[in-house]
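Two complexes, one shared chain (subunit A), two partners (subunit B, subunit C).
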Partner chain A sequence: MTTTLNESVPTDTPSARTRKRGTKVRRQRVRAAWTYLAPMLVALALVAGWPLLRTFYLSLTDASLSDTTGAAFIGFENYLVKDDGVWYGLLADPVWWNSVWNTVYFSVISVSLEVVFGIIVALLLNAEFKGRMLVRAAVLIPWAIPTIVSAKMWAWMLNDQFGIINHMLMGLGLIDAPLAWTADADLSMWAVIMVDVWKTIPFVALLVLAALQMLPKDCYEAAEVDGIHPVKVFFRVTLPLITPALLVAVIFRLLDALRVFDVIYVLTSNSSSTMTMSIYARQQLVEFQDVGYGSAASTMLFLIIALAVVVYLYLGRRQLGVDK
Partner chain B sequence: MNQHPMNRYQLTRLAKHVGKWALIAIIIVYAVFPFYYAVITSLKPSSELFEVNYWLTSLDFSNYAQIFAQKSFLQAIGNSILIALSVVLIALLLGITASYALGRVRFRGRSTVMLIILGVSMFPQVAVLSGLFEVIRSLNLYNNPGGLILSYTIFTLPFTVWVLTTFMRQLPMELEEAAIMDGATPWETITKVFLPLMWPAMATTGLLAFIAAWNEFLFALTFTLTNSERTVPVAIALISGGSQHELPWGPIMAASVTVTIPLVILVMIFQRRIVSGLTAGAVKG
Partner chain C sequence: MMTSSTNSVAAASMAVNASRARRSVLNRKLVLTLVAWTIALMMFFPIFWMFLTSFKTEAEAISTPPSLFFTPSIDGYIEIQARADYFKYALNSVVISLGATLLALLIAIPSAYSMAFLPTKRTQTTLLWMLSTKMLPSVGVLLPVYLIFRDLGLLDSRTGLIIIYMLMNLPIVVWMLYTFFKDIPKDILEAGRMDGASTLQEIFHLLLPLTLPGIASTGLLCVILSWNEAFWSLNLTTSNAAPLTAYIASFSSPEGLFWAKLSAASTLAVAPILIFGWMTQKQMVRGLTFGAVK
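Then we have the complex of A and B:
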């Protein structure tokens, strides 16, 4: 992902003949460049940089929602503190660790499923057939539907008494009694995964499809002439060639999955069996009004995601061999 | 076609053909069914709501009449349109100038700026929630569309700048050389030379920014308080009945269909653009 940074930029000066004028033009251009960057940098500092630093700071205070400026500095007490021989704080809270586990579980399973199904859909869309554009448009629909709306649609389909999913499964004889998809602690995580997978297969499929369409056609023709089985061709030729695109799709999806909020908030709200890090942090911040403690959870979430990115980029680079 | 009985080769070909079309059918049904089911549910009168039907059984618009009679739902639609359009405008304005600097000028610190942009686009939104809450409150933008417009730049701006920069880089150098020889200032170069060529890229990124802002939930839920300031995702999430177990599913589905139809139409018309924008943001990034 860092390769683009090293790409060449058009040189600044038109020719050697106008070098003298060129340096003036170049200086003018560099000054203009910073001027044009300034509004964007200011905006990002205001909505991202400063708030992030404040969140770090607030996690070291006892701030509450009604008063964040008058908060007292309490060090790392929101994270971990020993009082009367008992450990308190975020890192000693089993609910927090449960939500970390839920987030990881959700992310790994849903991203894996999305990649597998995304590849299947992409392979299909890569084949020539009549009405391909129509199928592609249909596949894009789940991506365009707001997460809240898709969660509501599925909540209705998964409704324990009147839902069509239970109706279908009972009609097929797969279950005897209706299942409480969103209320049952053992099922609710799978309900959430089901909705997330449905919504994000299109994204993965499109990225894989873009990679498939750039593959050279001749090695496939050679494989066909040699009578090599298509499944073998897929694992030996196609998969290695689309691996870079897959790695990009996986990191985008993983980053999204690790901060998942909307779909869970609507489907199962604060139920402990699906509580993720984002749900936990927001509950502390807004519902319990404990900005200090909630900021500590936000900071931990940030660190965990940053760690995931670093590990992933490191492994991805190793996987890809020498990166440009 | 030949009249001989089918040999093995033809049989496998036929099986493959049938298999392919079966798979296509499954994928289409899987992708479209939830939306389709929401549409037919929204068109049922409340008396039939709890019978499971696979086909459209009635054309009853009372659910739609009910949600459009609510002032807060109309206000939510108005807020969402206002916010999404403003976000697109700001993202494109700041994005086009920044992408000129990043895509066309070589200067020290350029890679650092690109890294910062990439870093911000990976931010979990919750990580800035408390800090951003403070900023919005100190600017007196709490419970105000302005607060959401401001906060949405955190995810629309990095993406817009990134994609526009990749597009900007692909434009030929000769264009700019000619402008420089004519003594054009950088501003004139942007507005007269690049802007006319950037429209397709701007349409793509603008569309994606619109969809992202239209669908956003966490900030909208946290930074608004009263019904009159809500956006549609929040309004839909907060529709409730007498208790958790008697949610008014008819109106919820009607509202869901109402806010999704514009997006489905946009996707149908601009699918090529959306696909190229999504893949440009990821593959080239």
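Then we have the complex of A and C:
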């Protein structure tokens, strides 16, 4: 609030003078503001606006990768078209619907798990114990290393014949025979979720930790003195207070999860049981070189993400509105 | 007010249960420490296992049961350099992530300055719009970007990747710098202006020195994000400009026999980030949370 600079500052000499020449100065300031913003705005328009429009345009053509200029405009035929009484196009493609379902399933489960574990880790890191800094550093590591590397490492650890995970689980007597984590249709989605959760706990934990460290201490002392059970304190005091930070963490994670690519690309590549919308669109674009159809898949992915954001912001604002 | 009314009750009840409470606090602390260390070990284990595997021979790597104790060998490291010129990829990674970070800061600093100190009615909208580009799925713009790059001859070039990484990180860099700049009292810059400093002098002599830690942590985050990026490097490079992520991805699954080499390559790819990150951990945590929490 100290930095929301307004013109209605108490009248000391300079600001009074400023107000007299108000319009001219303000016009200059606005011009300066836009001048400094211009490079960033142009850069973002180049990366976000124009390619997106082009992708949408390509989705209305029958372009292929070898020939993108001579493509014919075919309207929405890549999305949905009826031919001889049979529906064709993306929206009639069961493989695409499967990828939508996989994406939603992956996003909901992995983000939920990340939030739960992220809070647990943050609560631990917020407490006093020996070697806290070391533990914090160790917990941070999965976030800092490239997904490609961690996915490869997990692929190695989850290897059905030589992987350490199967070996440990068998040693503990939890399973009788080695599991084919990344090949088995029922297991591979869980393997992918596990790796993603492992990688992203640090991010959520950090955001929550930052919120925890800003909480007023006296509430907790009071609660402890009154002998209120810590679990109750958590749900009644801590959780409502860290909700804004959680909402930020969830939206970031949700956006990443909905367009997940590299962890799945490395662990299971194009396997249908883990195929997400990003993987599907890339396969159409790059491997099948079907630019029109792949662009339609990309456009749909963008629309679905935008829809998720709008719904989330709407719900989130209502949630926050209650607090205020 | 809650504390003052409960303080006296506190004193009474605490005196009664003093020893019991102390013991239970001690127990709780022990459990807490154990749980925290267990979680830390679990989080760290894959990295440790990778490190261990990188010093095995290929035969040892796939021995059953997996061995914890073995004679370390650096054959894996020697071979990845001999087989694929590892340092070329490493150099690409360094050049690309540093280049992208510097370029992003160069464009982001004036923008963040403008948003923080010359706010207009549309500043909030601009900020939101800028962040909304973060939700763009990369695959959604892959083809147009690919085509532009092909026409401009930027495919498989470091310049191309520098540009794309810069654009990818720009929103978060501007946002973080904005939050750091916002905390600087406006009066300081105004005093400078009274003394006749131009805007550029204002930025270079007043703003940048004051927010150097913030700029450093923003840059650090940008370096790490660029270093780790894989989607664009996989799709826009083949060999000349390919960074480490693309190189590591090229160990495809049928090559399951090369786990020791893969581990060696991965360890080398991760090491700079871990060392760098370890030294600047505090800055990084600060930067990341400042950027995201308010």
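In this text, the second predicted complex is superposed on the first by the 298 of 324 C-alpha atoms of A that agree within 3 Å, B and C clash if a C-alpha of one lies under 4 Å from a C-alpha of the other, contacts with A are read in each partner's own complex, and residues count from 1 in each chain.
By our rule, a residue touches a chain if its C-beta (ideal position, glycine included) is under 8 Å from a C-beta of that chain, and two chains touch if they have at least 3 such contacts.
What you are looking at is a predicted structure, and each value in this text was computed from that prediction instead of being measured.
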- Query: Based on the superposition on subunit A, does the combination of subunit B and subunit C result in a clash or a fit?
  - Reply: clash
- Touching partner for A:V25 - first (subunit B), second (subunit C), both, neither: first
- Give one of first, second, both or neither to describe whether A:R259 is in contact with subunit B, with subunit C, with both, or with none. both
- Query: Touch check for A:S298: first (subunit B), second (subunit C), both, or neither?
  - Reply: both
- Task: Classify the contacts of A:A281 with the two partner chains as first (subunit B alone), second (subunit C alone), both, or neither.
- Result: both
- Message: On subunit A, which stretch or stretches are contacted by subunit B in one complex as well as by subunit C in the other?
- Response: 2, 5, 14, 29-30, 32-34, 36-37, 39-41, 43-44, 46-48, 50-52, 54-55, 58, 68, 120-121, 124, 127, 129, 135-142, 144-150, 152-154, 156-157, 159, 161-162, 164, 167, 198, 202-203, 206-207, 210-211, 245, 248-249, 252, 255, 258-259, 261-262, 265-266, 277-278, 281-282, 285-286, 291, 294-295, 298-299, 301-302, 305, 309
- Task: Could you pull out which subunit A residues touch subunit C in their complex?
- Result: 2-3, 5, 14, 29-30, 32-37, 39-41, 43-44, 46-48, 50-52, 54-55, 58, 68, 120-121, 124-125, 127-132, 134-142, 144-150, 152-157, 159, 161-162, 164, 167, 171, 198, 201-203, 206-207, 209-211, 218-219, 221-222, 225-227, 245, 248-249, 252, 255, 258-259, 261-262, 265-266, 269, 277-278, 281-282, 285-286, 291, 294-295, 298-299, 301-302, 305-306, 309
- Residues of subunit B defined as touching subunit A within the complex: 20, 23-24, 27-28, 30-32, 34-35, 37-38, 41, 49-50, 52, 54, 90, 94-95, 97-98, 100-107, 110-111, 113-118, 120, 122-135, 150-151, 153-154, 157-158, 161, 166, 169, 173, 176-177, 180-181, 185-187, 190, 211, 214-215, 217-218, 221-222, 232-234, 236-237, 249, 252-253, 256, 259-260, 263-264, 266-268, 271, 274-275, 278-279, 282-285
- Message: Looking at the complex, which residues from subunit A come into contact with subunit B?
- Response: 1-2, 4-7, 9-12, 14, 25, 28-30, 32-34, 36-37, 39-41, 43-44, 46-48, 50-55, 58, 63, 65, 68, 120-121, 124, 127, 129, 133, 135-150, 152-154, 156-157, 159, 161-164, 167, 198, 202-203, 206-207, 210-211, 245, 248-249, 252, 255, 258-259, 261-262, 265-266, 277-278, 281-282, 285-286, 291, 294-295, 298-299, 301-302, 305, 309
- What residues on subunit C touch subunit A, complex-wise? 2-3, 6-7, 9-10, 13-14, 29, 32-33, 35-37, 39-41, 43-44, 46-47, 49-50, 53, 61-62, 64-66, 107-108, 110-111, 113-115, 117-120, 123, 126, 130, 132-145, 147-148, 164, 166-168, 170-171, 174, 182-183, 185-186, 190, 194, 199, 224, 227-231, 234-235, 244-245, 248-249, 251, 253, 256, 259, 262-263, 266, 269-270, 273-274, 277-278, 281, 284-285, 288-289, 292-293
